[in-house]
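After this come two complexes, each holding chain A, first together with chain B and then together with chain C.
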Partner chain A sequence: MTVNGDILQLEDVAKRFSVRRSPFAPRRSIRAVDGVNLTVRSGETLGLVGESGCGKSTLARLILKLHDVSTGRISFLGQQVHDARGRNLSRYRRQVQAVFQDPFSSLSPRMTAGQIVAEPMIVNGGLSSRETDERVADLFDKVGLNPAWMERYPHEFSGGQRQRIAIARGISLNPKLLVLDEPVSALDLSVRAQILNLLKDLQRNLGLSYLLISHDLPVVSRICTRIAVMYLGRIVEIGPAREIVANPRHPYTKALFSAVLPEHPRAHHQRIELEGEVPSPLDIPSGCRFRTRCPIAVERCEVEPPANLMINSDHMAECHFAIEKPNHGGELK
Partner chain B sequence: MFTRVGKVPWIPIVLLAPVVVWGLFGPWIWPHEPTAIDFAARLKPPVWLEGGTANHLLGTDQFGRDLLSRLIEGARVALIVAVFGVFLAALVGVAAGLAAGYFGGVTDNIIMRIVDVKMSVPAILLTILIGSAIGAGVTTVVAAIAITFWADYARVVRGETLSLKERGFVELAKVADCSHLRILTRHILPNLQATIVVLVTLQLGRALILEAAITYIGIGIQPPSSAWGLMISDGRSLLSTAWWLAAFPGFAITATVLGANLLGDWLRDALDPKVR
Partner chain C sequence: MNMIDTQAKRKTTVSQDPPAFLHVDNLRTEITSRRSGRVVRAVNGVSFRLERGRILGIVGESGCGKSMTAYSIIRLLPRSARTVGGRIELEGVDLLALREGEMAKLRGTRIAMIFQDPMMTLDPLFTIGDQLAEPLRKHKGLSGGPLRERMLELLRQFSISSPETRLRQYPHELSGGMLQRVVGAIALAADPELVIADEPTTALDPTVQAQYLDLLDNLKKSRDLSLIIVTHDFGVAARLCDDILVMYAGRAVEKAPVEATFDTPLHPYTQALLKLVNLSDTDGGDHFVTIEGSPPDLSEPIEGCPFAPRCPHKMPICADEDPPEFAVDSGAASCWLYSETAT
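Right after this comes the complex of A and B.
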């Protein structure tokens, strides 16, 4: 599949949730996603990584229109979709589908596997019931399931098979983009590789683009075209997968990838350990949001939020020192 | 779906058969006219006791009316009251609970405040209110049961809906562009089936008891027609001399309530694709 053009574009997207700790406390807002710029290109796999609670899943839900954005714009193939309603929303939803992490809760227990896969086609209409049946059988075949199992209920399948059903449903409308929210992290190691290979094959055959959300770095670095690293609601570094793995520029990315065990136990491996906890999204630090845990933070980081620093046309990092080394002469914090 | 469970639920069938058969075919099978008074045969004991006659299998009351025939007539009232009252309550309560849980926000607040208000007014007070508004009778009992019980469904269904709507398959249904109606009827309601079936069967029992209470305070079924609750309250004063007058309607209520509960258990399993 050739890469040509962006299909999904996020501009300065933010999502705030308003919370109240006790009935008398004032309302405060959690900035779950805080000014994200992101594009998904046609035919690519964009990996989105970050710790739990960094806003990756919220971002996915914004893209899937399960939440509405607080501010910012989302456009799909040039059409603005973040405020789409009615027919425009339906048209958008036909083209963007999802596969979730837990294959045990993402399939309705009271529907047969065939009904689950057929549902998006039934809802969108246009096919006779015979055509739908044929298409379901075809989809079962595509994802490596026996079409004779259409009448079975989800609990009769294993985790990997359930995820195959979920994928079959996801691709049933021939979407352009599939949002994969931790698609393999609930599966056994041996099954993971099979599902990842299936996803790769489908991408090649159907020309799909993937947004892969995961905290499994080896998986992400193996199958993604580009990787975006998220911290406290913002993309702090984004670039081609090979560059991000081999030459990360943001200290957070460095720490994240240094936590992955090397393939050989005796290989040279230096771990960067981060101190402290992720700050609460209720209380995002001034300046650079990573400075409270950053090993190279200086005074400047406290007052001046880092601008998007382009390392090259395709690689961005939000750190003052993404290119230059920090000047540690005297002004070290 | 029923074919998945091979076992026939014999115990609930045996327990519920009398009320259903009696209720539907009463006039053809009762041995005497239930209201026929025969002072010559007052307070006869059941046939197997000394002084009992085969003419009155379960004995007679203080007016010489045949107890078995009155039980059979009472079954019809029990059937009407339980079925219509409980299903009306379930219909209203489930719809309210689904709407409250699924849509949340203002809808939820309005519905749940009505539930709270309903919960804070004693059932018997409401019943008296209905009774004085539309007069005593079967309709009053059905209305009273529906109004008393709907809030239970609303609360339980709302709670379950709240947790179901966070599940992946409901979110994926939205992603697949399903309408709210389709999500509610295809994704949420089927998963509430077990809860609703169990609640309905429990309520059937409670409805019979409420019916007895309403009848007891005089705004339910009116004499001379009979209802099990009425028979118990009438027989109460004669308990020391003619225990059968209160005991047999009591047995009838117990058997029916037990049968309904057991049927509920069986239905819950029979409707669950996971249990074979």
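Right after this comes the complex of A and C.
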């Protein structure tokens, strides 16, 4: 499909959690991720956007093997990994690493910056302590930190520097894919631009692929190759970033992007209001899961779940009206 | 000395104007570190005016003193912080001179606060109804039927669906956006004239944030409210604010009507920040433009302009003398670029 090929593939991946409201209530099943098909291509930045509770973090945890899938398949470079155990699992985990949002809680306060970066290498073994030290110094250099700071503790660093430590740790095992969960949301504007620049450099120099999870749509629009939009456990639209921003086809994507705050006080664009709140993943609506809030929903949406509608070979939207117009005349601006 | 000279200039520019609804003059608030005993000058000579029915955005990066300015006004500073100088006048009443009991009476009735985290306001053990009733009983003397009517009306004003049910619910049963609206309803229960909101939408999803900002905008118009919004987000400022105050290193470096701030930012710091907001500037290659360096340590004395070490327009005078505030067009900037004589 592409010149570079796919690195990670998810086929019909689902994750259900079993919950009960009170100690004696019957167990019910939450469909947190509900039939996701997704590929990450080699060298790309795939943005995953959606609002709280849409399942994007659960999806990231499935990819990182912090959760096991309930059903479906995950494969990495052609190898099936969702049921990997033992040696295969460790090999997979070396190749897929993560950087999380909050550099204040994701770094252990009791370890020095050097120890934090070295830990994955020590766990994986194979390096002498001198080799490890050299590698840590090299990593510090790569992410723009002074190697002389290896002995310092996380609290001695600023937010941006901490995120650099987290990134150094993330790339310490030469992964192929980095899952970035809101990597710049907690950072100030000036630091945000620096970290985004660093991520770009690393991607180019190390041939990394990124899965970027974020609710910051302006950042996602600027740095992603493709964007996937998630709603209530499913990818409802995916395509090249430029197309998703300029010409979204799913009514939810349109509403989401219309809520982006203006760049200028005079730039007042029409916002698409969504009725009500996101339904509970305990009670996913029949048919199209977005229909309860959709401004163009018709009867058909209640009974028939929209199939993956391909707008072109690279752009999919799960909406009956992604291509044709609704026949009741309701038209989205 | 220079500092006295600067303060004198600020005073004279201010006292010529008619009295404002809220007038903050040369506010100084310090934080004393418990461990090291070092004193951080978190707010260092901030002055501004706010009129009725207007929204002022205090914008800046972390540690610039924007939240401390807000908490100084409503006098809800953490124990380690103390306002050490300046005046805060609400329609001529000097808030800093009031006894704590008098100030407590003012909070809620005339000034209210909305925090970033709704759970700063809400108690998880009480229902929404209990917590909304409290200010109405205490400040408005309502009870029984009229109390319930007023509570439902407030919840409706904040576009809260099925208000009758909400009154019986506990905070954990509501979504983040819903909780932030409840907190807004509680803040406005006793009809305050001034509302201070510290990053009220930062924790909310984009669609919920947009709805909440619409709501604040409508309330301002319908109630003739004055609002101070503390935010790091220029998008929030663009959407909602009438005036912008940009803070850096504990100082107000620029003040202007919102359109002027976006059209012709005066201070080099504001100019740089606005380019970062939309990641609109690249260095010619594929790198975003950034501001080199970092803000100064506010526990150390600062020579000259605090932004000088990072400033692309630095002049010799900037390293030696702290710039006073210069009036420029509709706004003002603390920057030597706007002095006719400085070099």
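Observations on the model:
Keep in mind that, in the parts below, the second predicted complex is superposed on the first by the 322 of 333 C-alpha atoms of A that agree within 3 Å, B and C clash if a C-alpha of one lies under 4 Å from a C-alpha of the other, contacts with A are read in each partner's own complex, and residues count from 1 in each chain.
By definition in this document, a contact is a pair of C-beta atoms (placed from the backbone, for glycine too) under 8 Å apart; a residue touches a chain by one contact, two chains touch by 3 or more.
No experiment lies behind these values; they were computed from the predicted model shown.
After superposition onto chain A, the modelled positions of chain B and chain C are compatible, with room for both.
When the shared chain is aligned, chain C comes close enough to touch A:255, but chain B does not. Shared-chain residue A:159: touches chain C; no touch with chain B.
By the touch criterion defined above, A:283 reaches neither chain B nor chain C. By the touch criterion defined above, A:97 reaches chain B but does not reach chain C. By the touch criterion defined above, A:274 lies against chain C but remains apart from chain B after alignment on the C-alpha atoms of chain A.
Once both complexes are placed on a shared chain A, the shortest Cα to Cα gap between chain B and chain C comes to 8 Å.
Shared contact residues of chain A, touching chain B in one structure and chain C in the other, are absent. By the touch criterion stated above, chain A contacts chain B in their complex at residues 61, 64-66, 89-90, 93-94, 96-98, 100-102, 105-111, 119-120, 123-124, 153, 155, 166, 169, 173. Residues 61-62, 161, 175-178, 205-211, 213, 232-233, 235-239, 241, 258-259, 262, 272-273, 276-279, 286-291, 294 of chain C touch chain A in their complex.
Listed in rising order, the residues of chain B touching chain A in the complex are 167-169, 171-179, 182, 186-187, 190-191, 193, 273-274.
The touching residues of chain A, when paired with chain C in their complex, are 51-52, 158-159, 188-190, 192-194, 196-197, 200, 215, 217-219, 222, 255-256, 259-267, 271, 273-274, 276-277.
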